[in-house]
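Both complexes below contain chain A, partnered by chain B and then by chain C.
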Partner chain A sequence: MEKVIYRIKRFDGTKEWYQEYEFPYEKGKTILWGLIKIKEEIDPSLCFTSACRSAICGSCGVRVNGNAVLACKTSLDKMLETYKTNKLILEPLNNFKVIRDLVVDWEQKFERMKEVKPWLIPSKNSDKTKGFKQSEKQFNMIANPTDCILCGCCISECGQLSINREGFLEPFIFSKSYRFTVESRDEAPGEHLEPALENGLWKCIRCMQCVTKCPKGVRPAEHINGLRKESMKMGHRDNKGARHAYAFHDDIQKTGRLNEMTLPIKTEGLVSTMGRIPFALRLLKKGKIKPFNMPKPVNGIEQVRTIYRLAQNQKEER
Partner chain B sequence: MKYSFFPGCTLEAAAEELMISTKKVAKALGIELVELDGWTCCGASHLQDVDDFKAVSINARNLALAEKLNRPLLTVCNTCTLMLRTTKQRLDEDEELKEKVNKVLDEAGLKYTGSVEVTHLLWVLVKDYGLDKLKKKVKKPLKGLKVANFYGCHIVRPPEIMGFENYLNPRSMEMVAEALGAESVDFDRRLSCCGFHAVFPAEKEVLKITGIDCLSAKKAGAHCVVTPCPLCQMQLDMYQPDSQKSFTEDITIPVLHLPQLIGLALGFNFEELGINRHIVDANPVLINIA
Partner chain C sequence: MLNYDIVVVGGGGAGMRAALEASQNNDLQVAVISKTFPTRSHTGAAQGGINAALGFRDETDSVEKHFRDTVKGSDFLGDQDAIEFFASNMPECVLELEYFGVPFSRDEKGRIAQRPFGGASSPRTCYSADKTGHVILHTLYEQCLKNGVKFLNEWFLLELVVEDKKLQGLVAMDIRSGEIHPINARAVVIATGGFGRIYWSRTTNAFNMTGDGTAACFEAGIPIKDPEFVQFHPTGLAGTGVLLSEACRGEGGYLINKNGERFMSRYAPEKMELGPRDLVSRAIETEIKEGRGFGQGINAYIHLDLRHLGKKKILQRLPQVRQLAIEFEGVDPIEEPVPIRPSCHYMMGGIHVSDYRTSSTPIEGIHAAGECACVSVHGANRLGGNSLADVILFGKFAGIGARESARDRSFSSGARVQKAAEKWMKHFNTMREKTRGNDVIAIRNKMAETMWNNVGIFRTESEMAEALDTINQLLEDYKDCYIGVSDKKYNMAFINYVEIGNLLKLAKAVAMGAINRKESRGSHSRADYPKRDDQNFLRHTMITKEEDEYKLDYLPVKITKYQPEERRY
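This part shows the complex of A and B:
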């Protein structure tokens, strides 16, 4: 391969267009190397942000062929090989307001982040003269979300955020919420959790884009699981998400398997489920639901119940 | 070729046609599937919201049952695959957790050792069975059929757990389609989510996702969508009429399970594969092919 082409989405504040830049291929380079080369040697008007070149500062998040990456951490060779091409499409991160070319606006994201109070509300069990000691286990609870470098890669392809920018928090904000909700030195976990609950905690569609795209191994989807669990522990169980999760939990204990017939009623209540009658009739007509076919307990259901009982005991010890 | 078979809950109910077509296709290909006796729901990505340890333990039980048979555990549902593989990876990498889980399993007369692999039919076809062999079994090549391969999230993401192929640009579905004589279309939503897991708490948004997925496939010129996951199939098919209400453009497109597409190429008819059980009628687009 002699030449590499970057097809870059440009934006000058009013109009958008794609512009192609061609430059000689060099082995062992990064996506960012190409961007810097274009800016220094071809077109100084191209805008992008970058700083540390070491995947620490989080400022060079861009989309390559539809995938959010840190430009400094991403191998050019690997991307060319993945798509069997010499041409890559570079765009600004999705689900952001674009300022210029590949530069996105973080202001609104930071404002939303403040809603979950991503700071310590110090526990009254200690004070700054005595210090706030944590056990290894307590530290490990917050270690993963603390690795977030605010690069925005988890935001770009989030399946829920892409169609619901107002009613769902950016994945990293759920991680911030979780990090302070389970923080042993914090006095008011609910103040970090409740804004997350009110802003789509149960709307995550489990697309796993956030955990896949995070360049630092942060796992927002798992933090969403953790927040859901904490929310139920705090008593927020009267919502569709919590009831739905419990429907699975209880069915497994009862028979080992999901009962599709009772799932909507358990999740939504009888009245709301009545609204699903046209849907149910559609399925009934095709034999997709069998109203009188109730799952029988699986062979070994006693094992399942034993596991539940022992796990429950362990939970109480935890 | 012998596998323990983990069907998952939907195959006993709304997606029964996937049970029917998987068994037909496996038999015709000479792949022996023995259903895992006593399997339970994998938790479907919901159980861990209530209790993570129960979710791990319940899947450790599923894996321990499979270990007794000493054959790879084959699934046909992306989410079952993810739940089982996640459990396996966590137990294999965390001795302390494994010990804790085994203490619980011991009371139930079981033990997890980590000796059984969890795989998906799609992967088995590509890696274990081989596409050349599959090609030789084709009786009615699907010539002229344009398919939109909708992978579904949990067969590629997260890659450190799934890891069968490059998660940014997987090709296994296209390779199978090609072996069957069909043509794959490229479409924006090939690796997108169907939204199934949040269809209750986020119904409005998920119905929008369904429509966007269907339209993307349709606009790329596909005759049908094909997916290796029953949850994606159910979301895109069963909810399509509801989703249509949010769109002015016609989003109608039939959605097939992967084994149904394979079954058509092996010479089975619509009824044998349960294609007539779908909400969106596949007859108009498939009639010339099958």
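This part shows the complex of A and C:
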């Protein structure tokens, strides 16, 4: 390969356009290297952010061919090979307001982050001069979420956020909330958890993009899961999400399979479910649901129940 | 005009620690201006840890030992009163960090874990896996949000306005809007980090570590202390300067030149690759200078060969190193040798701090802390883990000092600040409109090349004189530059142009300090004066700028307890 082309989405504050830049290929380089080359040798007006160039400052998140990556740690060779091309499309992260070219606006994200009180509310059993005791196990609970570098890759690719920007928190904010909820040194876990609960905790669609796209191996979807469990433990059971989970739990225990007829009633209540009747009728007409088919216990239901018993007897690990 | 009681410039470890202290009673208006988002600051890159004699891992450790190790590490150029203050206050500072929520790794008793580090007589480096700086930086940011600290992100300090040795205010650009703002302030804390970028691609530092605050203080009449002391790390990746941990030599990696020789046999026949950092760095540079490296000029390198360790050992012991080599250099050390070269890592010198208890400078109202400042605790050589310590401790005391300044001082009329801002607006407009002139990037590259070749790892009079000439010429060329971008909003070309101007000013100070220090001490190693000379040089270099003139002076070192002796390990 002789030449590489970056097709970059540009924005000057008012208008948007795509611009192509061509430069000689070099082996063993990164996506960021190409951006710098363009800025220094072809077009100094191209804007992007980068600082540490070693994947810790979180500045250089961009989309390459529709996937969020950290430009500094993404191999150019690998990208060209994966897409079998010499032309890559670079765009700003999705689900952000764009400032210029590849530069996005973080201010609103940090504003929203404040909702979960992402700071330690120190437990009363220590003070500034003494330090805390924390077991290795307790430390391990918070190790993964504290790897987050605020690069925005999870925000860009989040399936729920793309359709619901207002009613759902950015995945990394759930990770922050989780971290302080399970932090052994924190006095008030509920203050970190409840804002998450009120802002879409049960709305995650588990597309797992936040996990697969995180350049640091942080697992926001798992933290969302963890928060759901914590919320039920704290007694937040009277909401759609928790009721939905309990409906699954109870049905499987009873028969080993899900009862799709009663599930919406259990989750949403009778009144809201009534509103879904036209939809149900359409499903019925197409033969997608069978209203009078009450599932009988599956063969081997005893084994299912044994699993439940074993799980219940397992002491919650902390 | 904007008015703040205290403006902290810099959102790294030192800046945010200062802001936290300054804002604690909610009685003062405090703002942090930072050219990047605070969590993007280079403090996040620190991996190893932060030193404090907590004595958790080793009960025999003590403040006294931390004090002594630091004095010795500094090659006796550190001020001992300040170092004692530093070592004594560190345990409390780290426990405070814990109280703020820093997720430190733990020992078996659930206390903060500590590890051994170079130059320390006890294992006292507190850490969080290999991301200590990252977690400290993020925790400080969280605490600042909790305290409601005002952040002006992507704002760039252009000038400190001073009259009769007193602070009046500052001028800063809001990068996004391109507006230039005069800001009135009673006190300022400068915490803008180091300036390793004088060597451009040959540094472990981030792209934006360009010493803007140091240069602004220099322009405002504050001396730069000991700029010639630059710490180099032997194993930076050749292409980018990204740091490869010392572990790659520790585990038995070979250093190989173009002729396939393990050249360390000539420099340290016994220890070979395991010689001390400065010696190994010098050996690599000698090989390259004498034509036994690969490639040319500033892009030359030698090989770090790990292949003989075998796949299993590399995967087990050096997974991080392998990952870095693959991601940032495109080389898998299991299969190929890794191109490496020493890289500038840390600046011991910086803004002259005249009172360490308040991190104050000779200009009333201006305080400085962190890598941009020189207290001096690190003297001629900084110990690993002592920089984060310096950042946190002196950041805190800068916050305390700034509170005092803000209480004692009143706002200026603002007239001078306004005038300075107008001058910058005019300059910005001129630069936007200009259609021809010298290329800023070419100037930067030439500066880096001459600094690396002539004021780098080892130094001689004639080479440094050549570098000084080149820098002087570049300073002339810089006056007629062309930036190539006419936009007002988010004009990074203009910002980069200002940064490179700052680097040039500081590079000149480094060269000047180095030429005049006719001895070898700590990181400053001269081929023509290979010995330490306490008779003449047990003193700090002080360089002051008056218009275009650089004046050189010296300041005695404070010695309270430990008389200089030969530094041996």
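In this section, the second predicted complex is superposed on the first by the 311 of 318 C-alpha atoms of A that agree within 3 Å, B and C clash if a C-alpha of one lies under 4 Å from a C-alpha of the other, contacts with A are read in each partner's own complex, and residues count from 1 in each chain.
As a working rule, a contact is a pair of C-beta atoms (placed from the backbone, for glycine too) under 8 Å apart; a residue touches a chain by one contact, two chains touch by 3 or more.
Quick caveat, the model's predicted, so the values are computed rather than measured.
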item: Superposed partners chain B and chain C on chain A - clash or fit; value: fit
item: Angle at the Cα centre of chain A, taken between the Cα centres of chain B and chain C once the superposition is applied, in steps of 10 degrees; value: 140
item: Which superposed partner A:Glu136 touches (first chain B, second chain C, both, neither); value: second
item: First (chain B), second (chain C), both or neither touched by A:Arg63; value: neither
item: Partner chain(s) touched by A:Asp251 [first = chain B, second = chain C, both, neither]; value: first
item: Partner chain(s) touched by A:Asp127 [first = chain B, second = chain C, both, neither]; value: second
item: Which of chain B and chain C A:Lys288 touches, first, second, both or neither; value: first
item: Which superposed partner A:Ser75 touches (first chain B, second chain C, both, neither); value: second
item: Chain B versus chain C as contact partner of A:His223, first or second or both or neither; value: neither
item: CA minimum distance (chain B, chain C), superposed complexes, angstrom; value: 16
item: Doubly contacted chain A residues - partners chain C and chain B; value: none
item: Chain B-facing residues of chain A, complex; value: 65, 67, 82-83, 159-160, 163-164, 167, 200, 202-209, 211-212, 225, 228-229, 232, 239-242, 244-246, 248-249, 251-252, 256-258, 260, 264, 267-268, 279, 282-283, 286-290, 293, 295, 298-300, 302-304, 306-308, 310-312, 314-315
item: Chain A-touching residues of chain B, taken from the complex the two chains share; value: 9-10, 12-16, 37-41, 43-54, 57-58, 61, 65, 100, 103-105, 107-110, 153-154, 157-159, 166-169, 192-193, 195-198, 200-202, 205-206, 208-209, 212, 238-239, 241-242, 276-279
item: Residue ranges of chain C touching chain A (in the complex, touch as defined); value: 36-37, 39-42, 44-45, 92, 95-96, 98-101, 103-106, 108-112, 128-129, 131, 134-135, 138-139, 142-143, 145-146, 153, 176, 206-208, 239-240, 242-243, 324, 326-331, 441, 483-485, 487, 489-490, 492-493
item: Residues of chain A that touch chain C when the two form their complex; value: 12-13, 27-30, 40, 44-45, 47, 49-59, 72-73, 75, 77, 99-100, 103, 106-107, 110, 113-114, 117-120, 122, 126-136, 139, 142-143, 146-150, 183, 185
